[in-house]
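Shared between the two complexes below is chain A, which has chain B as its partner in the first and chain C in the second.
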Partner chain A sequence: MNQEPRASQGNLRRTAGRQLIYLGLASLVGFGSLMWALASLSEGVAGSALDAIAGSVTLALSEEPPQLDSSRATDTVSGQILGHVMEGLLRYDEFNRIVPGVAERWEIGATKATFWLRDDAFWSDGSRITAHDFVFAWQTALDPQTASEYAFILYPIKNAEAINNGQLDTAALGVTALNDKTLLVRLERPVAYFNSLLVFPTYFPIKQSFYEKRQGRYGADASELLYNGPFVIEKWVHGSQLRMVRNSHYWDRNRIRLNVIDYAYITSDVNATLNLFKDGKIAIAGLNSENLDDALQRRWKLERFNEGCVGYISFNHRSGRLTRNRHLRKAMQLAMDTNELVYKVVAMPGNLPGVSFFPVWLQGVERRFRQEFPAPETQVDITQARFYLAQAKKELGLDEWRPLTFLTGDRATTNKISEYLQQEFKEKLGLDIAIDRQIFKQRLAKMSSGDFDMVLAGWCPDYADPLTFGDLFASWNKNNRGEYKNPELDQWVRIAQNSLEPHTRMNAFSKIQKIIHLEAVILPTYETGSVYVRDPRLKGVVKRAVGMDSDYSNAYIDG
Partner chain B sequence: MEASFSFERTETIARAVTTTRPSLTYWQDAWRRFKANPRSLISLYIIVTIGLFTLVGPWVWTINPMLQDLDQISVPPGADRRARVVEPHVRWAITETPWTTSTTQLAVIGEATTQAVRLAWNPVAGASGYRVYRDIAEPNSPDALGLPLTDIVNAKITGFEDRLDLKPRTYFYSVVALSSKGFELKEHATLAVEVTRVITVNEAIARGLSELDESSLIGETVYLDFHPLGTDYLGRDMLARLMHGARVSLFIGVVAPFIYVLIGILYGSIAGFVAGRWDQLLMRFADFVVALPFLLFMILFKIIFNTEPGESGIFAMLLAMILLSWPATARLVRGQILQIREEAYIGASRLLGAGSMYLILRHMIPNTMGVILVTLTFAVPGAIFTEAFLSFIGMGVAPPNPSWGSMCNEGIKTMLTAPHELVFPAVFISLTVLVFNLLGDGLRDALDTRMRSD
Partner chain C sequence: MANSRTNKHAYVRYAVIRLIQGAITVWLIATATFFAMHNVPGDPLMDEKAVSPEIRKNLQAKYGLDRPLLEQYGIYLSNMIRGDFGISYAQENRSVNDIIREHFPVSAILGVLSIVFAALGGILFGALTAINRNRLPDIVIMFLVIMGISVPSFVFAALGQMTLVNVNAFLGVSILPVAGWGSVSHMIMPSLILGLGTMAFLTRLMRSSMLEIDNADYLRTAISKGLPPTRIFLRHQLRNAILPVITVLGPSIAAITTGGFVVELVFAIPGLGRYFVQAVQQSDYTVIMGTTVFYGAFLVFMVIVVDLLYGLVDPRVRLD
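What follows is the complex of A and B.
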């Protein structure tokens, strides 16, 4: 009360200001020292990615496999894991040649194939792998109750298709175990590429007694799976870790130099992956357009890898869907500028603008398929696109366009692409696109149930033949998620499947290429490639377009 | 009739003013105290500015926040906008004819622009193919030549057209010959290439960058669209997106607290007024609501309302907030009312025949107004932050609509290369939350004399 109020307030303000400065300084210093402490701490733990003594490699996995039942696996992540923990009759070696796997030797003829299994091929429980395990696995995959989306890959086997359609009993499958060690396969038709099919997960063996004991849980967890590959899954913490260790029962165990492959991180965030690489916590990291400059400034050696996959927009052709209308699809085809999409929006090195569903690397008769049969060119033409759109509107009897549901994944790149296309179609065609972002599992589920108009999808080759792309839109193919049905395309697929004559087959593929373009069955967006950094001490990693993405079974740590 | 009394009104004697200072109402007094606090005043000004930014901004800055300027992707504020107009790109048909020159190993064909850089080089004897690299600094070791752009598997092809994400800067291109097994040979040639920014003539006309017609425009220098706060990963204007994003953020931030504080006042005052067993019952129900998890309800509402893909989850968010956040206010108001109902003036009013409703509305709620206002101002930043958080994890607005939270989510992916995409929305969220908090602080000091800190 004695003090003059004004002065007191001024004093107060001054002390408050001083307090603020002190506190600010103190927090800054505190924060700085905390960061420094953390940084120096993390220096200490760095470098756990490679352990030469323990022979262990730590890596990051982009997504978690939905499950690991080889008869039902569809996605590349499952393929990546299954390729390390299972082995089929044949396998790829480090030079991408097909070499003996469980089968010691084999004979493939026009109508039948015989496989002689090796003596020393064991399951991870110590029991012998028999020809019956293959018979059971293939019958299971074809059983309509299994609802395997990859059953079609077994169709070259006699009666496979009829069994899968429920017309015949699974016992009618043209596969016989002559004895425990001899497998006889009768073929529906001559198949030029049958040996490259045998490398595929659906052709892997499954032990019947083990499978049946699991009561539908087969492949759902580390303990719910019996292994016969170079590695076994030691630990599978769903959503966070998948650790594989060397399989002591594997017949060719001396070939394997790594003891542990530890997918200690499951994340699709490329920045997070790169930070893990910087901290020496993982041995390989992919790059994207955002962190590319950072990687360049660090003077790392960057490597490029042609993934061989094709990204595309798949339309829903089910009845009642707007996208069933050809003119609507044509309009979108003409409005989409894949050059801009690939070079400016995605801006990821290694990608090529999508021109055709058949990627450039596929082999044709003598040269590359696309050199022999160039893809029909699409020039962006908005006037024509709007004309088609008006026609589509008339045909569908619409007053206003309903928003189209665009199903996409939840990765940064897919977000970019979907938002870019959303605005492009809005601006150029006046179409409203509603983006439906879903995680991988959910996206696959929605694709299977047909809950979409358009979906941002990708297709990676299963075997080294154009047919792996060519038969995707056949009406019987379960991976034809848009349920496109065209008897003419089906007929060309049949020709490509049944013929052994390269010219006839490639011609059929060119017809399929033309139909896909003319009918705008799908819109190819880009052919995928990727750029990555690798710890230079990790050697012998094989990256291939067909089969597993990265094969670590021949890898070793140098130094 | 002649003589009549005429009454005249006497002048009212002005009563002497007894007060020496002007009488102040509660609000005037509060306002006086509030004004004396510069911190709260500044906060108030900032809030008004943000309000104007949100409501008036889009009329002043009329750029469409969804418009993609693909010539200016992830451009920071104040970047160089000059670009030369060129003809549309035509694919370079590279033939197998070897390109030879006597002067250099590696050269640029034509002009190096952001549209394309065309390289050609002398064939290397014994090569089975070539690998082209691009670096942003001069390579100092043959082991790290930069970004591998392509592998050319045909030794006869000695040219390459680079179109990948070209920025106006200097690039260092290197070409390495590959052995027959696909390994890199020792020989490599490096060339520094200066890339200039260009825009195609049809783009320039479509965007209205110049008055000139097509033929005379080519070769001219134009200024690309101005983006004061830069652009995001699709070349969308950050300022426009911040303005539109603010609408969502502030809508949630203001509407949700307003409604739930209102519900809380009604609920709390009823509970406080009836007291006794009913009060116990009502307040235990409020305790029950407090225990409900917000995020779970938010997801449940999204499912119940069958939010289609592409629709925003804003309504579900609003509803979840309103239904779950009122108990805090209710408790506070109930406490106040319990106290007030025992005051003497309430008893007096009751004796004069005032009804319950009259008592609540006339005496009790106005007397709790200070507390209510303070709660409201503290609730606003909480709600803004919740919205930002939910949009950040993808539960809020649907693309392409922006909100501050979703902009942060997008910006964090390019945090290292284009920090402005994260910094601006983050600053707006922080600033708004801070000023509302400071305002609440000031209001508390001004309105609630018992709680004053000084």
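What follows is the complex of A and C.
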């Protein structure tokens, strides 16, 4: 009597329910096996944040380096990686001092510099690094065909700028390999900071025979690069992983204590990075306003670090622009409260209120530049600001203020700042500000063509000398996008560029600092800092404003 | 016999016509993208540091930007037909073909898993709600479905990741990785999250499709014939109700495979979706063109495949 009962609404539903359960189980099994099948197609699994026995540290990268050709690298991520896998003539040690790299010793004079290369400096293929590798690298970077964005950093070398502009052949570059181990550099002018340029990636060596065999793919993959730094890239899965291991050919390999630096995650999502940190998968995680509270609640020790960049409002000084009027700019300078901006609006630990275009970390003659030459003080003074504004209105012959176009980027912090300032200038000065929010490339395009009144901009140092900030508003500087022109400032820049005497130079920078403030050429908003959390067992990580962002070459795992 | 041959003939003709239509669609996509891209503000050669006019000229020559727009278009089309999308502006020594070849498989794996998950879940839950209409399972599931449709995937992605962190912390062992790519365990959470929206949508579709055939003549006949309930459910209800779900699967596969940007970002997955979005932000012309045309062609192809399958599966589809 095992006959199935006849279909009725009730038992039809029960049967269907049972069938669905079977189907559900079947699909789970099917889904699982599909995953196993697909998993065999992919590769690479990361370990935990720190492995003391293997000497390995796992980290996350915010984005993938576009490529690792040192002659063309421009971004900080590439700089970060290149700084670990390559080495120039000189390098920074853990105390931020410039110490010998490939060069064993050197002499830098007013017109020429000589470098003696060490005997035991090798490429990762075992061949010796020669002076020719530097000559080739620098010529390549300056060749207009390479179109290197950072070629300008080589301009102190004799004929470099003319070569880069296509007026001279690359062979005319003032660099000679006297023999395999001696490099002679002739200089265009005396360069007080030449040693701090030599640590920059554009100055790293490139082996010609290797480079030419790559046929334009040099630096595109782990195997398309020859290394001479403390580490080599063992594996580079684009968009996913970049794993560096200790370089057995590196001359100073005994200094290196980590065996593996594994950038096992590449994502710009800071929440994801913090989640990886919480899960014990990475040893360091950067914080921003989105995930700061989360880290604070967990009572983690926050580490602060001065990134070395300066954020500022750049005015358009082209003729016909309202912002060409000094009194208008002074009015805005007096109405802007950078303390409130930094502590209440941006509200991220690590940032400092902007008081000068020369950040605090810059070195002066003996002490910090800003200790020797304090920035001119600005007190918020609305009465005075309104007075200046009335003057400006008269000078410009205006009945009513036209709205000022405020060009900005599209990031969250940028929006906060621009909206705050819009409201402040309206309330305190009655000025209308129209925010023009653009993506990065378009903001740059508009900055270059002068399609703005004010723009929220930033400047980061390329080398450890005040000149990296000091020459930005020189009339000939292509990055002076507000086209500010002042013969007096130009003159001080030339003095700072050509003198070797520290007092003269620092004095020139202090004059530039004063002019920028008096003329309100720009309005500094803040000096950028960053906050991050670190696994306390990871020690010896060096962060610096110039060069690579985080230096793990002296790091070690404790415990 | 004659009839079947004409049918076969009609089918091939139909397939050829659909493929030609598809090719025209892709060409229109490529053309529209090309001209839109060149008219959208943003200069791919512009970067933080200003370069000399000489270098700029060299860069323009390298990427062919110094030629008239129509000539660029012609060169672009002829290269595209030969399957060469050029070199990326942002990653100066990687070709767009390399980028697609390396990153599309990752997106595809993620997409396939998500769609399988979405389809299975959608069919099962849809059927479950239909047979329990207006009872508790129906109400609960339909509430979740509305959530699944209306909550954007970046919220689910962040929530899913947070849940993993907390579960791992609570258990003291890492049962599933929080992010990354490579092993099976890396795939589970992202594919579930990516498939969630589609699953919700398919559940609703399946439910209404089940309810629609509830009053169908053939179902009433089957019940009154006294067929066993299992047979009625599997052969008559489920099988017929699935058809509309299959219809939308093709476009859904394409949508899921292309729409994984947020999930890829949150879970640090090296898929093509990230490059697609980044390229637009960086005005990386060649990558924008390459990925758009590739995805466009993929979507068109999936729609055609589903149409053709449908023609085979469902005799009611007329091929003219």
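As a convention for this text, the second predicted complex is superposed on the first by the 317 of 559 C-alpha atoms of A that agree within 3 Å, B and C clash if a C-alpha of one lies under 4 Å from a C-alpha of the other, contacts with A are read in each partner's own complex, and residues count from 1 in each chain.
Just so we're on the same page, contacts are C-beta pairs under 8 Å (C-beta built on N, C-alpha and C of every residue); 3 or more make two chains touch, one makes a residue touch a chain.
Nothing here was measured: the structure is a model prediction, and the numbers come from that model.
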{"item": "First, second, both or neither for A:K426, with chain B first and chain C second", "value": "first"}
{"item": "Contacts of A:V29 with chain B and chain C, given as first, second, both or neither", "value": "neither"}
{"item": "First, second, both or neither for A:V531, with chain B first and chain C second", "value": "first"}
{"item": "Superposed model, chain A: greater residue contact from chain B or chain C", "value": "C"}
{"item": "Touching partner for A:N339 - first (chain B), second (chain C), both, neither", "value": "first"}
{"item": "Touched partner set for A:S448, first chain B, second chain C, both or neither", "value": "second"}
{"item": "Touching partner for A:N271 - first (chain B), second (chain C), both, neither", "value": "both"}
{"item": "Partner chain in contact with A:A110 - chain B first, chain C second, else both or neither", "value": "neither"}
{"item": "Contacts of A:E303 with chain B and chain C, given as first, second, both or neither", "value": "first"}
{"item": "Doubly contacted residues of chain A, that is, touched by chain B and again by chain C", "value": "12-13, 271"}
{"item": "Residue ranges of chain A in contact with chain B within the complex", "value": "9, 12-13, 271, 289-294, 296-297, 299-304, 306, 339-340, 343-345, 347, 349-350, 403, 405-407, 410, 412, 415-416, 418-420, 422-424, 426-427, 432-437, 531"}
{"item": "Contact footprint of chain A on chain B as seen in their complex", "value": "36, 38, 66-68, 70, 73, 89, 135-137, 140-141, 143-144, 146-151, 163-165, 233-234, 308-311, 394, 398-400, 410, 413-418, 454"}
{"item": "Sites on chain C touched by chain A in the complex", "value": "41-44, 46-52, 54-55, 58-59, 62, 90-94, 99, 102-103, 105-106, 109, 112-113, 116-117, 120, 123-124, 127-128, 131-132, 158, 161-162, 164-165, 168-169, 174, 177-184, 186-188, 223, 226-230, 232-234, 237-238, 265-271, 274-275, 281-283"}
{"item": "Complex contacts: residues of chain A adjacent to chain C", "value": "4-7, 11-17, 19-20, 23-24, 27, 30-31, 34-36, 38-39, 41-46, 60, 66-67, 69, 72, 74, 144-145, 147-152, 164-166, 216-220, 237-240, 264-269, 271-272, 275-276, 278-281, 438-442, 444-445, 448, 478-479, 481"}
